[in-house]
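Some structures to go through are shown next.
In what follows, chain A forms one complex with chain B and a second complex with chain C.
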Partner chain A sequence: MPSVSRVLKIAAIVLVAAAILAFPSLAPNPYVLSAGVLVLNYAVLATSWNFVGGFTGYISLGHGALAGLGGYATGLLVVKGGLPAFAALLVGAALVAAVAVPVGFAALRVRGASFVIVSIALVLILLLVFQSWASFTGGSRGLVVPRPFDLSRPEHHRVFYYLFAGLLAVALLVWWLIDRSVFGLGLKSIREDEDKAEALGTATFAYKLMVFVVSAGFTALAGGLYALWFGDLDPVFQFSILTGSYLVLMALLGGVRQLFGPLTGAIIVGVALEYFKVEYGDTPLHLVATGLLLALVVLFMPDGVLPAIGDLIRRFTPGDRTSIREVSAAELRDQRLQNAGGTR
Partner chain B sequence: MTLTVTDLRKSFGGVTALDGATVAFQPGRINALIGPNGSGKTTFFNCVTGMIKADSGTVVHRGRDLTGKAPHTIARNGLGRTFQLCRTFPRMTAVENVLAAVPPKGLISGLRSARRREETDRAMGWLTRLGIEHLAHAEARDMSWGQQKLLELAGVLMAEPQTVLLDEPAGGVNPALLDRIGALVRELNAEGRTFVIVEHNMDLVMSISDHIVVFDRGRPIAEGPPAAIRTDERVLGAYLGV
Partner chain C sequence: MPSGALLFQSVILGLLLGGLYALLASGLTLYFGIMRVVMIAHSAFLILAAYLAWWLHENIGLDPLLSMIGTVPLFFGAGLLLQRGLLSRLRPATLTMMSVLLTFAVALLVEGLLGYAFSGTQRRINLGYGSAGLDLFGARIAVVKLIAFGLAVVALGTLWLLMKRTRFGWALRATIQHRDAARLLGIDTERVAGYGFGLGLATAAIGGTALSLDTTIYPSLHWHWIGPLMAIIVVGGLGSVPGAAIAALLLGLAQSLLQIPMGTTWAQTIFYLALFVTLAFRPQGFFGGRLAQRF
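Then we have the complex of A and B:
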């Protein structure tokens, strides 16, 4: 018999998926729809970030730069290279993934705070390059990327909403595949104790590098799709520390060990960000609110919203407990025999 | 010889931890490494397993030169180790902890499910043998110190090492568990595994080891069977404090 929490979990997933798919039909105006596109963009970025952050525990603040690179690569391939929009998107993402190899090679040599700082440096360096190299990137005047479809504004938003939703589905699927794989187990053991993982025979550096490249590829796809949707790139926004900080906030808020954690966080933070911007305009108040949110999460839900909800459900469904303290060795042995007999 | 270490040297700043240590371990034996604190035993382990790069010297295991190799390469060459302050993956279940010790051979096999039947059964087999199978689905962080020590050992054994280095297996362990660990080491040894054990518990050392190497100031000063070591004057002076 499936447990209560499992049924609730599946129901919640179906509900959220249905809500995401139905949103464009329910959105009252193009502005709200465009906010939905932004939230989904964040959801893809946060899920992509979680390939590194969730599996290996390396906190990157530099993923904004990888998204920016993806955006510029796509934009420049369209504008200067004359590639069709979606060919440019794929080639751009492949290029960023290739760039991620040397970047990861350098950055993943250091751990903890040093890694965070190296990842910030990546953002700052790229910001300088893309601002100064105006003849190629358009510099601070920006880079205008032509729209791929000849559609009205609401239709344009709708199409890109579903494109982002599709990309999100692919990113989630790949994350899930890695999560259940032997490779994923190795990555998680790196998160738990890197030296111990290495001592057990896991090629930790190669593992980290591989997952970093996958993460960069998805991040670049999200950035490139954003470029095609928004149509105007400015280095200040593309290479911003804020983007990376938002992604970290979203992933931590939702729960980095959870498949749907970053998505949950992106919906909460993304909606909150839009709301604060509408309410307080462009004052720094929305940043204060974001910071407050992060502090609250760290204080009260260090594992994120989803695990907190899971604990809550478990508290109200006795018999569903997994605590080792309350089950005897004999009971567990019986359970094991039952499992071994079943088709699990 | 199954593990031959020649002229291993390592200094940390001005402190010489290993001062030309040369030791050869015969296959199929339980070897003990004893010596005062700071005599270089753990550094010796760390250099042999590649966790620390030695300044000079060579390490050969079963005919393969492992000098300067990465720790994961050395581990895959059949040299497993535990840590002095036992290390497990705290937020992974016991069975995951053990499964994590069988890294995939290639990219494709890496994408297969981590919970394949035969591997899981093998992991459960080790947990059962070490008497902690009832904790298979508990997270390591919820386990007691002794249970974690057994779990760490299960992980190391899962990789099927020919040579097992144990760093203070008796540290912080109660007498009942100590007996179990001792018996287990003897059993595993009887199946053909070579052991090298760093240990301060002299009762354990004297009762299970075939061969004892005494370290002092970064190099071996004596070696031999327990009976000989017990009466060796250099050992008494350096270590047993008589």
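Then we have the complex of A and C:
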């Protein structure tokens, strides 16, 4: 018989999936629908971020730039290359994944600190290049990407809402598959103790690089889809250090070790961001709010809200202990002695 | 081919700029040595100090150099509080990653509050001696740049004396080298680490004052500084103060010289290029020791 927490979990997942799919029919006006598209975009980005952040524990502040690069790659392939929109999206994502190889090579040779530094440097250098190289990228005047479908505005939002939802489903599925694979086990061993993982024969560098490239590919797909949806790219927004920090905030708030953690965080933070924009406009206070929230999450809830809820549920279902860390060596010895006594 | 005088001027300006980079990078190196913390908020505090200097000059006519009497102790205290109140509360296992996020959050807070208090308008101090210059073998060097360089040299010299000649400096270096061993010798490593952070942030106060003399400041300016500074500490080898200083001078010089053919914007890419090349071919940096190989 499945345990209570498992039933609850499945029920919650079905409920959330149904709510996400029903949202476009419930949205009262196109603006709310477009906000929904934006939140789903964040959800895909945060889930893509979690391939690196959740499995390996390497925190990237530069995923905003990878999304921006995906957006520009798609946009430029459509505008300058004359490719059909969705072919450009796939080629663009492949290009960004290819770019991620040398970036990851430089960033992942050593441990965490250099990775963070490179991820921030990536944002700053791409902003510099895309702003200055105006003849190719349009510079600060922006790049207008033609719409792929000839639809009215609400219909356009609706179609892209489902496209983002589809991409989210694929990203979640891949994350889930990696989570259950030997590859995922190796990645998680890097997160727990990279020295020991290496000593036990895990190809840590190759693993980190592979998952970084996968993550970059998904991030670029989300960025490219955003470009096709929004239709106008500006380097200041595409290569903003703030986007990267939003993604980190979402993933951490939701819980980086949970499949649905980044999605949960994206819904909370994304809705809060939209609300803040409507209520207070573009003031420097959104920086203060983001900073405060990030600091609070890092200090008091580094494991996220989903584990906190899980703990709450577990409190009502005693005897359901699965984590190795909750068993002390003395308890294990007792268990071993008991088992030995039982078989004899 | 640019004229000899222009080249000479660029070399001088590059070295002067490199001196400022060296001072600021030494602060970042200190944090990293003490706690393995990459302090993203360092340059945000740099801009904060520049704003304080500007505000004091604007409102009570105080010379920016005198504002250091207030900002240096203030920043020392802020660094102490930041270390004792926030960073030392993080879990040791994930300290490097989480401290990045925490200091990033602090940087956002400082930037947001600066924008809220002083608006995003670009500010600049108008000094009586702001436009004065020296002619040196056909090169023209602004006096304010010399003052900024002088400040950096004095601050770095003081830091060096403090680290090498005082009991506190020995304790600090012992804490950086081996925390547990230092504790066994009776050093209160927690307190020393806090003071070390205070010192690091005090370099930001001095650097910010130097910056305010001849630079137009705005709240988001700190992103233009943190990138080059982090590139410098990686190229120099994480945790190595001499390495950071040498890398700062070399990269400052390279930036200044590249400005002649490439213009100011593209010249900045030298920092990121150096960062990627260093990590790809010599990830421990060029002067880093054992410590740098693991981060």
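Quick note on the criterion: the second predicted complex is superposed on the first by the 316 of 344 C-alpha atoms of A that agree within 3 Å, B and C clash if a C-alpha of one lies under 4 Å from a C-alpha of the other, contacts with A are read in each partner's own complex, and residues count from 1 in each chain.
Throughout what follows, contacts are C-beta pairs under 8 Å (C-beta built on N, C-alpha and C of every residue); 3 or more make two chains touch, one makes a residue touch a chain.
Values in this document were obtained by computation on a predicted structure and should not be read as measured data.
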Partner, of chain C and chain B, that touches more residues belonging to chain A: C
First (chain B), second (chain C), both or neither touched by A:Val116: second
First, second, both or neither for A:Gly201, with chain B first and chain C second: first
Contacts of A:Leu26 with chain B and chain C, given as first, second, both or neither: neither
Which superposed partner A:Ala295 touches (first chain B, second chain C, both, neither): second
Touched partner set for A:Leu285, first chain B, second chain C, both or neither: second
Touched partner set for A:Ile241, first chain B, second chain C, both or neither: second
Chain B versus chain C as contact partner of A:Gly184, first or second or both or neither: first
Residues of chain A at both interfaces, chain B in one complex, chain C in the other: none
Complex contact set, residues of chain B against chain A: 49, 51, 70-72, 75-76, 80-81, 83, 87-92, 96, 99-104, 109-115, 124, 133-138, 142-143, 155-156, 159
Residues on chain A engaged by chain C in the complex (per definition of touch): 57-59, 61, 102-103, 105-107, 109-114, 116-118, 120-121, 124-125, 128-129, 131-132, 241-242, 245, 248, 252, 283-292, 294-295, 298-299, 302
List of chain C residues in touch with chain A within their complex: 32, 36, 38, 40, 86, 89-91, 94, 96-98, 100-102, 104-109, 111-116, 120, 219, 223-224, 226-227, 230-231, 234, 238, 265-266, 268-269, 271-272, 275-276, 279-280, 283-284, 292-295
Residue ranges of chain A touching chain B (in the complex, touch as defined): 177-178, 180-186, 188-189, 192-193, 195-204, 257, 322, 324-325, 328-330, 332-333, 336
